[in-house]
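Okay, here's the structure, questions in a sec.
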Amino acid sequence: MQDTLLQQGMDITVFGMGIVFSFLMALVIATGIMSRIILRNFPEATTPSSGSQTPDDVRLRAIIKAAIQQHRNRNQK
Amino acid sequence: MENLANLWQSSGVYQMAWGQFTMILVGLLLLFLAIRKNFEPLLLVPIGFGGILANIPGAHLALSAAETALVSGDSGLLFQVSQMLGMDNPSSVHAMREAVAAAPAAVQTQVTQLALDAGYGNGMLYNFYSVAIASGVAPLVIFMGVGAMTDFGPLLANPRTLFLGAAAQFGIFATVLGAVGLSVAGIMDFSIADAAAIGIIGGADGPTAIYVSSLLAPDLLGAIAVAAYSYMALVPLIQPPIMRALTTPAERKIEMVQLRHVGTREKITFPLLLLILVALFLPSAAPLLGMFCFGNLMRECGVVARLSDTAQNALINITTIFLGLSVGSKLAADKFLDPKTLGILALGIIAFAIGTASGVLMAKLLNVVSKNKINPLIGSAGVSAVPMAARVSNKLGLESNPHNFLLMHAMGPNVAGVIGSAVAAGVMITMVRTMTG
Amino acid sequence: MENLANLWQSSGVYQMAWGQFTMILVGLLLLFLAIRKNFEPLLLVPIGFGGILANIPGAHLALSAAETALVSGDSGLLFQVSQMLGMDNPSSVHAMREAVAAAPAAVQTQVTQLALDAGYGNGMLYNFYSVAIASGVAPLVIFMGVGAMTDFGPLLANPRTLFLGAAAQFGIFATVLGAVGLSVAGIMDFSIADAAAIGIIGGADGPTAIYVSSLLAPDLLGAIAVAAYSYMALVPLIQPPIMRALTTPAERKIEMVQLRHVGTREKITFPLLLLILVALFLPSAAPLLGMFCFGNLMRECGVVARLSDTAQNALINITTIFLGLSVGSKLAADKFLDPKTLGILALGIIAFAIGTASGVLMAKLLNVVSKNKINPLIGSAGVSAVPMAARVSNKLGLESNPHNFLLMHAMGPNVAGVIGSAVAAGVMITMVRTMTG
Amino acid sequence: MENLANLWQSSGVYQMAWGQFTMILVGLLLLFLAIRKNFEPLLLVPIGFGGILANIPGAHLALSAAETALVSGDSGLLFQVSQMLGMDNPSSVHAMREAVAAAPAAVQTQVTQLALDAGYGNGMLYNFYSVAIASGVAPLVIFMGVGAMTDFGPLLANPRTLFLGAAAQFGIFATVLGAVGLSVAGIMDFSIADAAAIGIIGGADGPTAIYVSSLLAPDLLGAIAVAAYSYMALVPLIQPPIMRALTTPAERKIEMVQLRHVGTREKITFPLLLLILVALFLPSAAPLLGMFCFGNLMRECGVVARLSDTAQNALINITTIFLGLSVGSKLAADKFLDPKTLGILALGIIAFAIGTASGVLMAKLLNVVSKNKINPLIGSAGVSAVPMAARVSNKLGLESNPHNFLLMHAMGPNVAGVIGSAVAAGVMITMVRTMTG
Amino acid sequence: MQDTLLQQGMDITVFGMGIVFSFLMALVIATGIMSRIILRNFPEATTPSSGSQTPDDVRLRAIIKAAIQQHRNRNQK
Amino acid sequence: MQDTLLQQGMDITVFGMGIVFSFLMALVIATGIMSRIILRNFPEATTPSSGSQTPDDVRLRAIIKAAIQQHRNRNQK
């Protein structure tokens, strides 16, 4: 039984580490291919990264812009 | 008078056992570490508080209805339960609790119905644990939120750093061997499932550790989660000496090429690519990595900003509160105050150390075979512990070369480590189930 | 033609009984009070709306699958159920519903499976009630949110005000005696569990009242919750005459010493101290006060701001919506249109009055024995009803002495009242269970 | 070696069937449409991703514990299950799955307990589906949120537009007839419940379609939801040719009288009025329209702004994430890759076309009998698809008459269409249950 | 059986469409009555529509107002 | 039975009120001790109270500060 436990532990280690490496190596290769295809076919004109602006931010900025604009108008009088 | 006696008997002081007292102190210690020492407070505040709640004597907050009935029921009820379990002469209530846990689902249902009829109910924390962790949902939702917070840009700019994230997972497997070794040597008594769950501490990733141990070793979940989050908080103490010992001053001064700009298309495609590789080669990692990729796709695709925002805020916060309290429910004295916990704590720190070393050594190995040199200090970030480990790399880099900012370079292996430990989790779940099933 | 007849029979007008019609009017009245008179709208809007939904004839939104089957099933199904229940000749469907509710859990499961097989399902509001209230989770989450919104500063600056919060709980126990008295006199038929649940209205704390009555008297939950929230809204009408009657103009003019500054350390330690006292002496109050302390610790510890923020906003709002609708599900005509409801409404207002009076008198008593005088107007704030009662104290104080701002002084007894009624809830739950169990 | 073989057998490539491969491509196509073509991305991103997850071979994410046991269990376990089902010689695992689905609830419980004892658990997506859709809660919560986002002002200013919303529902019923026709002609095999569920696609309202098909035809839910959301996104392509064909240039130039101001009182009263009509005449529509009215009342009553805000943001976002993933779980290959799906897609687009035409024709009919002329272009907005259809009306109006802004006028029929299809849903659920029950 | 299915389909269509129309007609009538009662009994002095302002908006505006006020004060010095 | 109910009610009242008072008295004492220990050992240099500032507030103020700063800069030109 104890032998078996040790054997099981060895199995997990060897196969586990092997699969982690193989999988991430496959990912490295696939990522490389993916990036090359995209960079070749869709050369981007440096677009600003999306996905991180929440609607709140947008609203907030709009309101503040408006507030400042309004303030400036009054000062100009 | 009888009433007063009843109240006294139901009060905590009367019922408090030393174990519960100790565990309340442990809970307070976790709160102290979280609040004053800033040890992963988002998790350790709820875990520590939940741990205290779970150990309030007489409140039974962490017990199921059936367990509460066994602990508080009269002899008539205990006799009925022992009949249901087919135990002629149960040695103790503790033995009956274990027998219920091991009984077929149909028998468990019977015992539960008996407990409900007798007026016992599930404890609050038991309900939280069932919904949040036993169902698997809370760690997965956290992983989705983490995905929605993760920027794969640095990784995509330099995919080789995935190897660093792979190498650092050796900490996991070395720890599995260590746990097995302790068992073989007769010092501890860990099963192969226990060993796998302990090993995952080395993944330095809280939700992964909780997910794996809820499946493979629920009894050890409390100790494993506490170890995982504590050591993640200790990364700035654990890693530097190892990193210094394994690198030369010259290596630490290596400046890395600035990362190229990564476009939206690549960022949108990457989570789908990862998902497809998981689908093809590693279905057992599909829940964890699937939710992770889903969160990341929501972040990057740009058309579901309100969902991504909710995944990163309201949803992950709500889930964190209940996940933390649920983990706390596993800090019950009879589970946590066990020599195994000492073993877990010892193995956990070894896991972090080995993972750190493996990452650094792999970076040096990559330098042998490639032209663009990697500063080996970023290898240690492969253990994950996002973003703490990357900051440690940056700090040590600046010590050696004040113009060398490694932070963005270290973010690559850092997020690679998250993928790596999720892969390791999937492998271990499959293999342990095959072995024990 | 048959189809048209079926549709007509399934339509509300055909099925509407007078009781349901009346309850829909009651629901509209609650909405009117909430929207036009600002009676605790956050709760009474969902409760009133849920009450209307629960009384839509033929929709069965508040019934379980088994109850729906009994109400709508054919005679064959009813016969099968009566067999399962061991009833030879059930007098009515109503009697069968009561028999199912009283049956052992295993029999209830059988009846439910039969109903499911016959195509009946749980109503929407029944599901909400099961998840939100029967499990206990919604009141506890609300309590956590309230904890995260509570500033214990004024209480810590003047801990004596805890006595005011204690005294005001006499309203609870006087009401228990009142309910028992009505039963003994043969006017109403309240059990001891009913009496305890009704008494808690005097705690002037909605989630506590819902929590206690869900455990001790679920059938009365609707009336108790409606009474509790309505009277909380009426505090500005109920309290002033009592406060004026029990104080002299001179007393009302007492100016109180300005409160000292309370530091972060004290604020962080207080919830832990309270938790430990609960653990030692009052485990039955652990769920309520535990979650309350947890919320407050998240607020004060300063390292989990995002969790505290979620507990005070998204999470408490979501929970409030479902809690309110679930309470509404208990406004079914056959439960609410009962002489008991009148008794509950009458006892509830007495409870508030006695609580108010006890708080004021305790303040006068404290003035007898201590040097730093307390303005007895803040005693009434001990009933809780945060922050309405404190505002009433402030308003009456300003009437007598335009320079005397009592608001912050009244916040001490106000939050003490929350603790006091949670303690009372714990005591009553334990004692009633011992008595009936 | 055995281990390696086990891992290979558990890997996706080995297990991938053509059906699953195709469905993963379908999932990717849905993601492409959502992200690049902006097809209702809030729903189609989660649905598409969930569809991919559901088809990962070997991961069983969309299967219950019992189904997983049948798919992965050994012959001993299959024999036990066949005994429980009373099948002497089951022809295939597929036949056994169908037998379990058709078995009485008590037998299903037995099979599930057997599966749990053998170590199988529910898949992640199966759990999501049970909680979010099978319980009915997610579509109802979405409807509440939509209610909280809806402004009934334009409808109240011109209530006649309700007739346009009514007329456009003819698309629903024509499609029911179409589906029945395909069955009668022997081309497809739709039951009356299937036909009703397919028809509801014509309601152009996602949550209504999901709600109805979860009750009447859960197996078709995936295809129905995909069709409903895809065609809603295609409204700007589907509607204009029909609208142009059915109107003269003169009609398209009709300018409408500016809408009167609608006050708060009317806006508060309207949802209550609608609720009461539902209660009186259409209890089967009570869940959908009840939650819709509740959301709208929260919005308009002005005293529960924080609840209304949560219903429109955190709550609806969280629900959308899980609703989408749950719908995705119904994109399993064996359900979706069926000739029925083609029939559903074909019937769905016909439903949209007929609904559009009916709305336009009804507007022309109203013009015959009334003085204040209606621009028939707003009739098409009666299908709902809020706010896309109203924008289409506006766009075509501007093409004919650059000074004619129809947007606000079209919002009336647009929200009327939501009410109309919820009414149709209620009618169909009642009638189908009467017919099949 | 097929006949029955067709019959069922016809039933759903006829009664369904009928009920949708009857219900919405009832709603048109009831809404008209409701509006007339409200407009007659509570003629509003054009109140700004409520229900769409969240507490956030209110807070935001208050803060921005304060910020601008403070800014103006400083400028005036 | 009625007697028993009355007795039960009296029990709940007497013991209940007693425990509420005893518990809150214990809390008064413990709080007093706690405050004294903290005030003696950690005399605070009046720190601003924490715990009530949400991240939103912080962000909001930061943005407004920036907006005003930016505005002032422009005005100064």
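In order of appearance the chains are A, B, C, D, E and F, and numbering begins at 1 in each one.
Keep this in mind: contacts are C-beta pairs under 8 Å (C-beta built on N, C-alpha and C of every residue); 3 or more make two chains touch, one makes a residue touch a chain.
Everything numeric here is computed off the predicted structure, so don't read it as measured data.
Chain centres were defined as the mean of their Cα atoms; on that basis the chain farthest from chain A turns out to be C. Shared numbers divided by all numbers used gives the overlap of an interface; between chain C and chain D this overlap falls below half, so the copies present different residues.
Between chain D and chain E, the centres computed from C-alpha atoms are 23 Å apart.
Between the Cα centres of chain B and chain D there is a gap of 38 Å.
Work out the mean CA point of chain A and of chain F, and you get 40 Å between them.
Among all residues of chain C, those that touch two or more other chains are 3, 7, 281-282, 301-302, 306, 309, 314, 427, 431.
Each of the following residues of chain F touches two or more other chains: 11, 15, 19, 60, 64, 67-68, 71, 75.
Of all residues in chain C, those touching chain D in their complex are 3, 6-7, 10-13, 15-16, 24, 28, 31, 34-35, 38, 41-42, 45-46, 49, 52-53, 55-59, 61, 110, 112-114, 116-117, 119, 122, 124, 127, 313-314, 317-318, 320-321, 325. Residues 104-106, 109, 135-137, 140, 144, 268, 272, 275-276, 278-284, 286-287, 290-291, 293-294, 297-298, 301-304, 306-307, 309-311, 314-315, 427, 430-431, 433-434, 437 of chain C touch chain B in their complex.
Across the complex, chain D is touched by residues 2, 5-6, 8-13, 15-17, 19-21, 23-28, 30-32, 34-35, 38-39, 42, 44, 46-47, 49-56 of chain E.
Within the complex, the chain D residues that touch chain E are 151, 153, 156, 159-160, 162-163, 165-166, 169-170, 172-174, 176-177, 179-181, 183-184, 191-192, 195-196, 261, 263-267, 269-270, 273-274, 277, 281-282, 299-302, 305-306, 308-309, 416, 419-420, 423-424, 427-428, 431-432, 435.
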